[in-house]
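Residue numbering begins at 1 within each chain, and the chains themselves are lettered A, B, C and D in the order written.
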C-alpha cells in the first residue's frame, strides 16, 4: 500500500493483527449486508475471547453462527440474537455473556463512538431492564438514560462498491449498521462486491468517506435470504 | 396538498404560521447553501424577537444581514458571525444576544435535536468559556462538557433538488448544515433549485428522506460568492 | 363477537390519516397495510433502513439486499429512500414517524408495555421495539385482551419486563378500543355484539366506562 | 535567521506522511499545502464538508457551491467526497484526521491554546477551531514566538480566553520547533543561525534544552 490505495488482495492481509480477546464490530441486519468473507476468515483464524458487536448473531452455520460453533465469542452485544439454537445453549450455559441493547441505541452508540461522543442521553429503555445500573435524568419533563458509546479494535464492514481510496457506497437495506461501524473501528476492513478507481464514484453521493477506512478487499457473496417471501402471482394463485 | 405532495407555490404559503419570537434555523455556511428566498420572506414578514440558529449571520445587506438590518433577531446562536459590521454594533449595544457555539458542537446539537437525543458529552470547549455554567465530567481519563440539543419552530433549508414527497439531495459544499436542520424543525421548509417527480431521485442516494420535510418551494438563487479566489492562469501570470 | 385478527387490523387502519408515515410491527400490525382506505397515501417505515416499503417481490424481482425489519424480502415504492440504522432510529427517536402499531404481551394503566421478554423462555432480544415505544407520540397497541386461560393482559401493572414505561395511550383488542389516561383505561368502543360487562370481566385494570359505549365499525 | 512564513510552512510539511488526512487552518497553515514533498499523497479536509480539497478554480470552473472553510472558492481532487457539517465534525471529533495545523495567539506549557478571541476587540466566533483542537491527536501550532514588542507568546499560562486546554503537543515558530511535555516546552530544533539563547530570551515559559539542539532543515 502507498498513498491512499487501501486495497488488499488476501483475507490474511485484510485481518492482519486480529487477535484473541479483541472487540470486533460486524455489519449487517440479519444476514443482509454481512461481510461474509471476513467473518469466515475470523472463523478460520480461530481467535477466541472476542467481544462481538453486531445487531444479530447470524443463523446456525452461517454468519456469526460460525463463531458461535467455534466458541469464539465471550461477549455478544446486539439487539436481536434469535433464530439460532446454539446461541440459546451458550447463553443458558453461561459460556457467553449477552448484552442486549435496543436497536436504535446500539446504532447511536456506534455512531457516537466513531464521532468522538463518549455518551448521550436517550429516552429508549427508561424504566426497563436496559436502564439498570445506568444514570438516568429528567430533562424538560421527560426521563432519559445515559448511554456510553462503543468503539472496536476491528470493524468488519460490507459495502457494495469502494474506490481504491476507501470511499464507500452501500446498496438498499444492506446499508444498515455498516456506515456507523466503518467510523468506529480502530481498523476498519471493508469487504465489497466491486472495487473501482478513485474518481469513479460521484463525490456528491459517497455514503462513507475514505478517511474512515483502512483496508478494502473484494469478496464474493452468497447473500443467503432468511425469510424468502414472494407475492402470489396470478399463475400461482 | 394531499397525500405526500409537499410543494407550495408561494413564499406566503411556505412560511405560513411564522410569527414573532419563534426559534428558526437557517442552513448555509457563509453565503454558500442559504435559502435565499425564505430569508427574504422572513425579512418581508418583519417578524421580530427571533432566536436565529445559523452557523453565520450573513453579510451586510445579504442573507441574515437583512434580518439584522431590520432588528429581527434577539438571540443569535452560531459559530462564526464575523464579516458583518452591523453585527458588531448590535452585539456591543446589547440589542442582540449572541451565543457562540463551536461549529462541530453546533452541528451535533442540531443533529441530536432532530434525532431525539436531548444532550450529549463532547470534549470540545472543555476548559474554555464555552463550558462556563455547563456540567463537565471525566470519562475514561478525558474531560467532557454536556451539551443540550437544539430544535426549532421553523427550519429554513436550502437543497439542490427535491422530489414532490420531500426527498432531498444537496450539492457539493452547499450541503453543510442543511441536512441536520431539516431534521430539527417542527416545520421544515425547503427551498430548492429544482423540483422533480417522486421516483426521479435514486432512493439509494437520498441525503434527506422526505419524512423530515413539511413544505417545498422552488426558488431562484443569486448564489453570491464571499471570497472569489481564482488560480492564476498562464495568460494572467 | 370478538374481532378477528383482520378486523383488529381494519379498526387500526381507520386511525390512519392521509400522508402518514407509519411503522408497523410484526403480526397483526403487519396486516394493517392491507386495510389502508382507498385513495389514502401512507408511507411505511421499516427500521432496518427503508422509508416506503412496498409489497412482497416476485421471483423475478426478489433481492437479498432489500428486506424489512422482519427479515422478509420486500420491495420499495415510488419515492422511497434507503438509509442507515442510525438515520432510521433518528427518525423514530426524534418523533418523525406519525404512527407506530405494535403488539404486546401486557399493557397497564400507567401506559407501560411488556412485549419483548418472558422470563424463563428464550430471550431473543428487544430489536427496535424499545426505541419505537420511546420515540412515537402516537402508538397503537394491538393485542388479545386475555390469554387462552382467560387471564387478563390489560393490567393495573405489567408483570413482565417492560419494553417501555408510561408511553402507550391506545390499545385495540379483539374486544375493545381503549384509551389510557389519568392512570386508567377508558373504554371508547366495543367489538360488535360484545357487551361492556364482557369487557369488564376480562379487564384486570381500572376501566372507566362513561355513557353509552358505541360499537366499532369494522 | 528567523524563518519566513513559507519556511515555517516548509518545516511543518516535513511532518506530513504519505497517506495523511490533514486539516489546515487559515494563514501560515494554508501555505503548508504548497510544500508537500513530491510523490507524497495527502488529502485535505475542509470542515465545511469536503475531503479532498484541491487548488483554486479558474474563471471557467468557479462554483459558488464549492468553497472551503475560509469561504474561498476551491476545487475538489479525484477521490474527493462531500458531506454534512455533522459528518465533517464526526471525523474531526472522532480523531480520524491525521494532522491538524493551526495558528494561535498564545500557547502555554500545559498545552493550552488561545487563538480565537482578544477581549475588547470584536469577537468573530471560534468557528471550528475548538473542535479541531479537541479532536486531533496530532496538532501542530504555527505562530510567531513573540509579538512585535518582543513580548513572548510561548507562555507559562495563556492570558487570553482558551480555544482548548491541554491539547497542544508541538509548536513551530519562526525561531524554534518545540514539543510540550511534562509541563514544559522542550526545544527540539532551532531556525538556521538562531541561537538557543535568542530563543530562551523570547520564551516566557519553562524551556527544557537538552544536549545540542540541531538546526532545522528548510
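Observations
Note that in this section a residue touches a chain if its C-beta (ideal position, glycine included) is under 8 Å from a C-beta of that chain, and two chains touch if they have at least 3 such contacts.
None of the values given here were measured: they were computed from a predicted structure.
Listed by label, the chains touching chain B and chain D alike are A.
Distances between chain centres, each the mean of the C-alpha atoms, put C farthest from chain B. Pairs A-C and A-D differ in how many C-beta pairs touch across them, and the larger number is found at A-C. One inter-chain figure worth recording: chain A and chain C are separated by 29 Å, centre to centre, where each centre is the mean of the chain's CA atoms. For the pair chain C and chain D, the distance between mean C-alpha positions equals 55 Å. Averaged Cα coordinates give chain A a centre that lies 33 Å from the centre of chain B.
Centres computed as Cα averages put chain A at a distance of 36 Å from chain D. In chain C, the residues that reach two or more other chains under the touch definition are 76, 82-83, 89, 92-93, 135. Multi-chain contact residues of chain A (touching two or more other chains): 108, 111, 115-117, 122-123, 170-172, 203-204. You'll find the chains touch as A-B, A-C, A-D, B-C, B-D. Of all residues in chain C, those touching chain A in their complex are 46-50, 55-59, 62-68, 70-74, 76, 82-86, 88-89, 92-93, 112, 122-131, 134-135, 161-166.
Of all the residues in chain A, the ones that touch chain B in their complex are 108, 112, 115-123, 139-140, 142, 144, 148, 169-172, 203-205. Across the complex, chain D is touched by residues 1-4, 111, 113-117, 163-165, 167, 183, 198-199, 203-204, 206, 209-212 of chain A. Interface residues of chain B, counted against chain D in their complex, comprise 29-33, 55, 78-83, 88, 91, 98, 100, 102-108, 110-111, 122-130, 143, 160, 170-180, 207, 223-231, 233.
Contact residues of chain D toward chain A in the complex are 18-19, 21, 40-41, 43, 45, 51-52, 76, 78-83, 87, 89-97, 135.
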